[in-house]
């Protein structure tokens, strides 16, 4: 169920990017589906199992619902633009926790499980940005994006190693990553540039 | 054999985009192979089987032949440009039908089989556009592109559920999608934009 | 061990592209990991096995080390820019040889093994360029890039068929591809354009 919540918020972020880029409802739906399901599909391909997106009804329908909500819900799109980033942060948190947990349950080492959790968390957003013709915010946004997912995934992998799993654990890791991502945006936390490089 | 026909027309479309972007023969071949095989590879990765492209000789050689045809065939490239869209529509139709059929035969539900059929139909073109540095026409072209593939895939899934399969069924679904795509281009059928959004 | 060397040089090339695009250390690490591991992950997904990157510690850590070396190593980035291409050529050679060998050992035909070797050699660089918002040099750089990998992969597949494998064989194929790539850059070897097309 947490998985569906993550899919819903990521799909909202995808559909909102679609509106911002003036895509029609089909383009919005494609972006919503890819943002919501892309990270999990990458995760499942690496785990060598059939992607959950292709066996569950909810995984396909939830992004459709999100697309319709965005399609009808706001005549004045510009007003809610900051919300994209908050939805995106929530999806980031939920996906890194859920993805790491699934990877641990398939027997990956904690390091690799955390790496795959990060991949599933940022993968959908990267696919969304590439499809929308934007350079992935993962790379260019100097505000921390991957680092919160890293710490959330690391917490999840650590707790799982200590035999703590179930939804409270997953939620704790998700909230950690979400909170750090929001803090990074608000407080403008930044990762350092290489020596001799200046931001434009 | 329908599969090889789809691969041939997609490869032509890829090689023609390569000419339009002034790529050399190697770049043309890469675009032709990716356009022709990309969607099927994505489909087979999701189905968790070795991609057909990596076990069949024809799948690799047909795009090479298509590349050479495009390479030698027309000194006056501009004249045949509209043909790219027609070849693309034919590939779209064939791939959504063949992809949905293969997914059904691997036991996916009709909904997921149709979704995977659409993926295999549009995947190659999306990869082609991303590689060629263009925003995927799937998203930005307001003329319907994914919707014809959806209806063709849905017809294929429906007929398969009714125990109708074989090449006449596949061809019928392919022709439906092809015809709808051509009609969408000619008659400028368009998907709606979200409320309050205007096309530029 | 040759595999780790290829990963190291590709990661250097990825991190250096990150510096050139003024990315922070996180973006540099993402580019380094994707450039280094992307091709091998694509190869292993096609082979339908769990990607080596997600079971080996070294594969994940080596790109981190490469990122830190690039991060601290040069205050004067511009000076070493030509080195990116040399590192990239070395990675190209090592990956096409190692990738072809692995594909042969999984029972692919020599043609398909060579194709997959080329994919694993150029895949990481293509992902790097797409992520960095550049058109893949694979396509646009008129200097030969894929052709050296093709010849290195073909040599590897040929020798493997003759029952010659082990690190000297792999190294020979890698050196062939590396040498041809360097020669192509120095001597400006170029692939032909289609008839009637002129370079801008």
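Going by the order they are written in, the chains are A, B and C; count residues from 1 in each one.
One rule holds for everything that comes next: contacts are C-beta pairs under 8 Å (C-beta built on N, C-alpha and C of every residue); 3 or more make two chains touch, one makes a residue touch a chain.
Worth saying up front: this structure is predicted, and the values here are computed from it rather than measured.
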item	value
Chain-level touch network, classified as line, ring, star, complete or other	complete
Rotation angle (°) superposing Cα atoms of chain A on chain C, nearest 5	120
Residue-number overlap at the chain A/chain B interface, same or different (half cut)	different
Chain centre separation (chain A, chain B; CA means) in Å	28
Multi-chain contact sites of chain C, meaning residues that touch two or more partners	45, 48, 130
Chain C-touching residues of chain B, taken from the complex the two chains share	18-19, 21-28, 30-31, 41, 45, 48-51, 54-55, 57, 60, 70-72, 74-77, 130-133
Chain B contact footprint on chain C (complex, rising order)	45-48, 108-109, 111-112, 115-116, 126, 130, 135-136, 138-140, 142, 144-147, 190-200
